[in-house]
Structure formats: structure tokens, C-alpha cells
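Following this line, the structures themselves.
Shared between the two complexes below is chain A, which pairs with chain B and chain C, respectively.
Let's turn to the complex of A and B:
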């Protein structure tokens, strides 16, 4: 889907990240004599993220949301498409230039156990990026490490300890401190709170929100949990099988979901209110294979509202609301007047 | 508890009695072999025709050989050669195998494909043939020296190490902490040395410890073929077997070098098992 430059005044909220028709196909390992097939993990995704904004990216496992995050950061080379960061086209950079730009974009992973090198003490882990980029040395380095630990709510004594001595939530805080050490402007949170207990989840979300307010950080928040999105995101993209099927503000998405898939996700989302009616629209089966995505609308095999054109005709993007823009990729959606 | 992963491993090792015993035996044996001959004023080459094939006595603790050389001295000096071959050839294979495996596993793709097919090809060659070929490449004068044996055994043994290291790196390569280091702007060299190497060191140490006895056995085998070091445990055992006959048994010529060789191999294996349990506690099941 194409995201035309919004009518918002460019000067104060020029996009920090612009993604144009991002595609990532992974070749499957074909044996001898077998044709190599491709997994269409991401199939033409476009969006922009404004400075200071938190964009949520939601979808089931296998919808390609993690791949979007990693291709965006060039941890994976995209098959095609363009990513501009602060006006710089990432694909055109040499590896050295990319390495110099990298501190500005960071990531926080889902698994707090795999995200830290078990052989490095916490202090070393946080100091390493500062050393690599020559940002601080000696006593100044020590001070920086302590203030970063303090920033994420950990005592300075954590410096000399090793990752295995910390809980999941504490490790996630360490990862956040490490990401902050290089003073990034953009952070991809890839299911950053999904592995944590509910109460810890809320604490880490609060921390992330505070950091965004204080430091003006921009987030791409990848999650499958709609309640998390509701509490942190400004706008939301809903992904299904490598495509964005709906993009809206959080209010629009929760009050007037436009795509049948979004409605199914919302109805399956347990509300924190125990008295609220829980009547899920059930989706049948698993997400289809991204090697052979369904024809027409990719969602037609599971859609409760499927009708004639769906299996054959590829739906186009409808702008169901102009301001703020709300787009839906569905035959049932209608453009706003 | 405020200690790193290494301290925890040391603690586990210190509770493992067979491993500690193995380490102690190795220490005593090595000290005896290295310092013994000079401290006790022994000469492994001094022949005395009147003392041929004497059994152990207070004069010559381990007896004497066919041309009257003191067997105790020969076992100690031969031990220097066997231990040196074991350690040096293992070090050669660790250095070559670890760097080769890390590069292949880290960069992956076509490079990995080509590098590992080469390893497969080397595996396919009969290694004895290879070792004999390398030994023959050295000049006549180098025969019986240690250097050709180091080179030949090191070049054969690195293959397994390269495979193990490549597998380890491959599994760590896409772990989140490595991706994070990449995103934080760390260079390839830094990622390899700070993030990957420390996490495979445990496995490398374990396999290296278990490789030393293998190399010592290989050298003994080469000695049987007359291609080993001129004076080593393998050579002494080989000489001892040559004089075993139904009429007269010079048992001490076979038993002493054999016992030293066996004791060393056993201790190394105990130590290696202990290290594996200490460094990689999950592998015990």
C-alpha cells in the first residue's frame, strides 16, 4: 500500500522512517532436482513513521512483522524496496557508512535470555557500544554506564554482575540501557514485552513511554498483543501474510476496525474488564503458507465475510477516513467522500 | 553469588574428584619427564655393553635395554617427546581449526560451502596416507625429529575442530546478542573475538583436552611404522614388543613405557570428561 505524504505540516513532523514497497522473499532449501521456492515473508509493505511517533505493527505469528523490523534495520537485506532513515536511503550506503549510521537505530528483542552475551558482565555489555564509537573513556565511561543503569531503574551494583543473575524484566531493562547507550533516535521493539509477566510488562511499557517522552524517541512497536498496542502506540499497522491490510490510529482501530481480519483479532482479544462480553469471531485454521499465498485477497480462505470477488480479485486500498488517514485493504471497504 | 561463568565452571571442576586426580597425575608425570633426567643426572643415550637386558634393580630402576641403556632415563626423555607432540600438535589444530571454523560459520553462504567441502575432501583421504606423505616431504635428516610429526598430526587433526567450531558459530550467529552487537556498530573482528569466541571456548577446551590423547596414540602408531619421533613412548613400546619372545621375556622393556603411556591417556580422558561437565553442564544427560 502506498502512503502518500500526509497533510500534516512537514517541518515539525517530517517522517523519520520511510519505507517504500519493502519486499523480502526467503528462498527455501530445495533438494537436488527440486525447484527452489520462495517464502514471501514481506510482500510490498510501505509506511512512514514520524519523529516521536510510536507505530504499532500487529499480526499473527508468520505474518512477517519481525521480518519487517529486521529488514528495516538492514539486519537482513531486503529483496527489493527502499528504506529511508532521516532522508538517507539505507540501500545506497557503503558498509562503513551504514555502520556509522547504525547507532541511531536500535532494536530490543523478544527473548531477554538470548539478547545478552552470557560471557559479558552487564557493565561491559553497556560500555561496549560506547567504546566502539569512542563516545567515552575511563571514568567518564563508568559514569555513563551508571547513569544508563539508573535511567532504566537498575542499581549501579548491577555493573559487575552477569546476565544469568537477572530476571527477564531486569534483562529487558539491561537491553534497553544498552540500546540507549548510543543515543538512538529510533528503536524497533520486537515483541519487547511479550515474554514478560503482566505486571512486569506494564513496568517496562511505562519505562519505554517515559523514555520516548524524555528523549523524543521514535518506536516501531511489533507485537501480537492488542492491549499492549493500545497502551503505547499512536498509529497501528495490521499485517497479514506479508501485507499491510489496515492502517489507522489506535482510536480508529479500536472503535471502527475496517478489515474483517482486524475485527477478528479484536474480538479474540481478551478485555481487561471481566464483565465485558467475550464473543470471539473465530478464525478457522492456521495462517496459510507464505510460499503459496491464496489468490485474490490473501485473507479470503479464513474471512467470515467472504463473497464473490475475494478469491479472484486482488483488493485495492481504500481510504475510509481522510483525516487522520485510515486505510483498509478489502473489497468491502469504501472510500470516504 | 557474584561470579562470572568461568568462576562457576572452576567451582564445578573443583568438585570432580576423577578430574582433579587426572590433573594431578598429569602434573606429576610432566614434571618428572621434564625435570627428572637433569635433576637425577640420567643419560638416555649412554650405552654400557656389560649391562645388556638387565631386569629392574636398585641401580637401574626400570632395567636396561639391549645395548645397556638405562630404561628409566629413556622413559622420561621419551615422555618429553610424547607429551610435546600431544600438546603442540593439538595447539596447531586448535589454532587452525578454530579460525577456519569461525570464518566459515560467521560468513556462511558460498564461502562456507567451499571451505567445508574442502574439509570433507580432506576427511575423505586416508589420513595415514596423508601423514606418511607429509613425513616423506621432510628431508632425510629431519626424520625422527619432532617438527615433521607436529606438522603432520596438526594438519590432520584440525578438521574435526573446524567442523565443531563452525557448527557452534552457526548456532550463535543469529542469536539476538550477536545481532545487537552488529546494530551497535561492532566490527566483524570484534563480534568474532568478544561475542563468539568466548562462547565457544568451553567446547574448544573440552575437545582439545580429548584430542591430546588421540594425538599421542597416533604418534605411537607412527613410531610402529618407523615414522615417529626417534625416542618416544610409542617408540619404546615398539622396541619392547620386538624383543618379546617365547624363550626369554624382557618384560620391563614393554611394561614401563606402556604403563606411562596408559596412565597419561587415562588421566587426560578423566580431565577431559571433568572439563566437559564443568564447562557445559547441560551435556551431562
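Let's turn to the complex of A and C:
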């Protein structure tokens, strides 16, 4: 992709993505009329991503990460909140204008197979977005497809085969190649490397990192793999039950995790060293539901450090470090002087 | 049949797929055993045949293109690689079950979770509905699903990726199988829920003597959970060893290179990750004339090109490998 235009010269720190108080509630089957209950999948999430930055998103399964990614790209309508992409408020765009913006914002879905059309050959699947958006054709299109396959470690012969003929990790790489084909400026990677063996994973992570360094490609990187997170992310958001409970640089998060949930998470990461001690902080109690989130601090029902205010008083966001900013949503956290 | 016989015995298994562009031999001469109550880990290159081997055990190879062309699979003393579909259906989901790599495709999008789970118990056990529902609630709770009664009424798309994965885990455990094949079952789970699932698996092994074939790319999980590990490359088993020995002191060059490409928490941020250079071989059906890893191997020597080494025990150990390089040249010692 060396022939791609470089990023427009802009201030290094200009945000590409700005999310303000994003909310997404899904209706449930229970309840009637006004009492109809909702799943608070995303419940007031705000963040920005700078151009060329990789923002990691981790958190409990079911905490709303995929929903953040999908509402952010307006693949589903948010209940409320605002998203600006490159200065443009997405909610204000006509569907035509949104469609023209689409190639700049891609997503690699969590379920690789379900996101591939079984009737398209791999070559067609990768070429499709290029064709649809009129970005390449003829021999150039062919060359693009082959070079993309090569970059994700697949032979060019993969072009003529169909998704069902591939292994889980091979399909995931097809999805990555497809997302990269339109030379987007922003990609939501939803567990994009989870099915890859470590060698291919390293190759793909190096590729994503190079694209970010060379072309200023920006990522929202959703992952459960803390080792991957550590090696790719610049900053990290930690989610629990629809909210961001901690935001920090990757160094801050791993060296001084501020939220008890983050600490539990880091302690539960198994090490491949058979001699390493493995002693996860166990989270007692049932996992609460996003339909009836606990009062006060949402984590209080399982928090090993719970104390008086937690069950009743909603914690505020504390800025535990000023520069670079490190925020923690917890009664135990203290603002930096 | 004594209880010290292995529960599963795969011998010299080969699997081929007919495709419009010719034959693909996805698995070629795979042999291994899973003991009763043993957790056998499987790691390996993407596309090396881990899922295909599992599907072959369960008789779920894609039809009519895929078939077993060589070797045999024994389950509890009985050859099952030639059973007819009717008999296999009775075994599957009951005495042996599988958590598939792709949870979305193994759930029916049009049915609620309740309909799918209850059906398994009805089919295999004839369990009355109310009782079946109770068992489902129990299992969903064990895999860490909140408000399970609510979740039973959901359709798959209303759940998060990790919730769907846990539903699949629950479904595989419904009938208390003797063999559980888990194909990347925790890729969508955060590490705290993963720890809970691993604990559940360990306890089932202990209380029910369940045997488990656990496929994963996560060496941390391997280290935490598995008794022994087999390493696959290009449709073959290239190394087999007790877990700690394999992770600390690999004796096959592929395993060695794989371990070196691990990102660890102590890798500095932005530090280089080291992928293995080169591509895996094409899985055609041409006769194999050299070690399949030779083109990418840093310990390669002329003899490696003269024929494929067999999987042989490493003298004085309980491990084996498919390599002729001197063992002291590879790994930690």
C-alpha cells in the first residue's frame, strides 16, 4: 500500500474520533408499555482518539465494547450521544453522505465467518469494497488483492477459494485484508487477532502498527488479550457494565492500575511460564445484568475493596494523574494535586 | 477394556477435501491419544488441521467434499471412524461433544437459546421440558451468565460475543460428555471469566473424569490447564510433551519459533514481535519428500531435505518429536 496518499498534514494531536456521552439501550422482552425494560449496553461513554493513535478497549464480556464500536460507526443508531469523525458530526449526515464516508471507517467483526458472504470467493470478497466505492478496477484491483493477501500471510492461490474452505484464523485474516483494502483512516478491530496463532498474530500486529506509523491509520482495538493490548495500544479504556471505569496510557494501566476491576483483570492473565505464580483476584458474586445494574458503583457487588459509600453513592471520575491524563471511576481514587 | 486404556486413540489419520481446484490433504498422519480424565492441549499454526482433526473425530467433516482417507479413530475401545451417521448422531452431544471455534455459526439464529439447549436434552435423554430447563439454568449460571432465565428467552444476536461463546460451552456440557473437544473456547472471554471457565473445566475433569481436547493459541491457558500438549504444523503432529517441559524447553524448531513470537506482558510497549519468516507449505497431495518445516527452519541441515522425519520418542524422556536435529541444539538446554 506504499502508493497510498499520506495523511493530510495536520496538527499531531488533532482528534480523529470524538465521542460524547454515547448511550445505547436495547429493548428487552420483559415489561409492558412504559415499564418496558432496557438493556443498558452502553451507558454514557465519552472518549477521543487522536490521529494515528491506537486506543485499546478492554472489559468484561458483555460490558458493551462491541456496541460502542458499532454505534460509533453508526452501523446501529445510538440512543443518544454524539460522535464526530474528522470534525464531522455523524448524526447530522444524510445517508448518502454517510455512505460516502464509509470507506474511511472500517470494522473487523468479532465473528469472522458470519461477516463473510459464503457465495463470494476470497478474491471477490476483498475486491468488493474497492469496487463498490469505485476505488480500483482491472489489473490494479487484482494487484491490490494479491498484495493484501500476502501482507496477512495468505498465498495468492487463496483468491479463488471460498470462505468455508478456510480455517478460523485464515478467515480472520481475510476479514483483515478486506478492511484494509479501501485504505481507511480508521478501523474498529473487534477481537481481530483472537483466532491467530502467535506467529501470524505477531505478523498482523506488526502490519497494523506499520500502517499506523506510516499512514497515520487510527484504531479502536477491542481485545481480551492483555498481552496483545500491551504490545499494540497507546491508551486504554476499561469498560464494566456499559461504563468506562478507567482510562490511561498503556504504561499507566499496567504499572499502576487504578480501578479494582482493572486490578482483578490484570491478575487473572495466565502466563505461559509454567513456573510463574498464578493467583487471580477472584471476583465473588454473580455477574450483574445490564438490565438491572447495581446502585451506587456498578462494580460494588463484586469489588474486593468495597466500603461504605459504594453501594449507594455513584462514584465520580477522578483524575489520578494529570499529564498524561489517567482517570478512574472509583471512590478510592484520589485526584492528583 | 480397563480404565487405564485411553479414551480416544487417533492413529495415522489423514483427511482430504475435494475442491474445484483439486485435492487438499488437510491432515496427514496424525496420531495421538487422550487418556481418561486427561486434558490434552493442542497448539499449532493457523490452518495446520486442528479443527479438521476435531471434526473428523466427531464425524462432522463437510460432506461430500471431506473424508477420512487413512487411519482410524477409536473412542472408548470402539472404532468410530467408520460408523454410520445415525450412530454418530447418538454419540455426538451426548458421550462426546464439541465447543466450536465459531459460536455464531454453531447457534441457530432463528431459535431462542432455550429452544436450542432444551432440544439437546430432549433428543439425547428424553428429559421432560421443565427438568431440562432447570438443567440449562444451572449450566448457564456455572458459565457465568447473569440472569439466566432472561437469557434463555434471547436470540443469539441479542447476546455479546462472549455470552454466545458461553452458551456454546453450556450446550456442550449439558449431557455430561466423557469427551469434550473445546476449539478455542475462550477467545471472546475476558480473563476473569476465562479463569472461571478453566476452573469449571478442571473440576469436571476431577469429579466426572471427563477427558478434554483443548485447542488454543493462548500458551498461558495451555500452561494453566493442560497435562500434555501436542503441537501441529501442516497437518501433522510435530511435537508432543508434558506441558511444562514443552513450554520451558521445546525440542522441535517450530515449537521453539512459536514460543519466541509470543507477546508477553513483559515485552516493552512497541517492542518487536518476531513472526516466523516464510509461509507454511501448500497442502496438496504431492508426495512429501522433505521435512515440512525445513524451508522455514533455522536448524535445517541437508538430511532434512532427504525425507520426512517420523514422530519418534526422544530417548530418555516421555516426549516425542518429528525432527532429526540434535535435541541440545534446540530449546533451553
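As a working rule, the second predicted complex is superposed on the first by the 297 of 337 C-alpha atoms of A that agree within 3 Å, B and C clash if a C-alpha of one lies under 4 Å from a C-alpha of the other, contacts with A are read in each partner's own complex, and residues count from 1 in each chain.
Note that a contact is a pair of C-beta atoms (placed from the backbone, for glycine too) under 8 Å apart; a residue touches a chain by one contact, two chains touch by 3 or more.
Source: prediction; values computed, not measured.
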Partner chain in contact with A:312 - chain B first, chain C second, else both or neither: neither
When both partners are placed on the shared chain, which of chain B and chain C touches more of chain A: C
Touched partner set for A:62, first chain B, second chain C, both or neither: second
Contacts of A:80 with chain B and chain C, given as first, second, both or neither: neither
Which superposed partner A:295 touches (first chain B, second chain C, both, neither): neither
First (chain B), second (chain C), both or neither touched by A:128: first
Touching partner for A:161 - first (chain B), second (chain C), both, neither: both
Touching partner for A:114 - first (chain B), second (chain C), both, neither: both
First, second, both or neither for A:182, with chain B first and chain C second: first
Contact residues common to both interfaces of chain A (with chain B and with chain C): 111, 114, 160-161, 164-165
Residues on chain A engaged by chain B in the complex (per definition of touch): 70, 73, 75, 99-100, 102-103, 105-107, 109, 111, 114-121, 128-129, 132-133, 160-162, 164-165, 175, 178-179, 181-182
Of all residues in chain C, those that touch chain A in their complex: 17, 19, 21, 24, 43-47, 50-52, 62, 101-105, 141, 144-147, 150, 153-154, 158-163, 166, 183-184, 187-195, 198, 217-224, 243-244, 247-248, 257-259, 261-265, 267, 269-276, 279, 282
Interface residues, chain B side, partner chain A - complex: 1-5, 175-177, 179-187, 190, 194-195, 198-199
Residues of chain A touching chain C in the complex: 26, 28-30, 58-62, 65-66, 110-114, 153, 155, 157, 160-161, 164-170, 173, 190-191, 194-203, 205-206, 209, 224-228, 230-231, 250-251, 254, 264-265, 268-276, 278, 280, 282-283, 286-289, 291-292
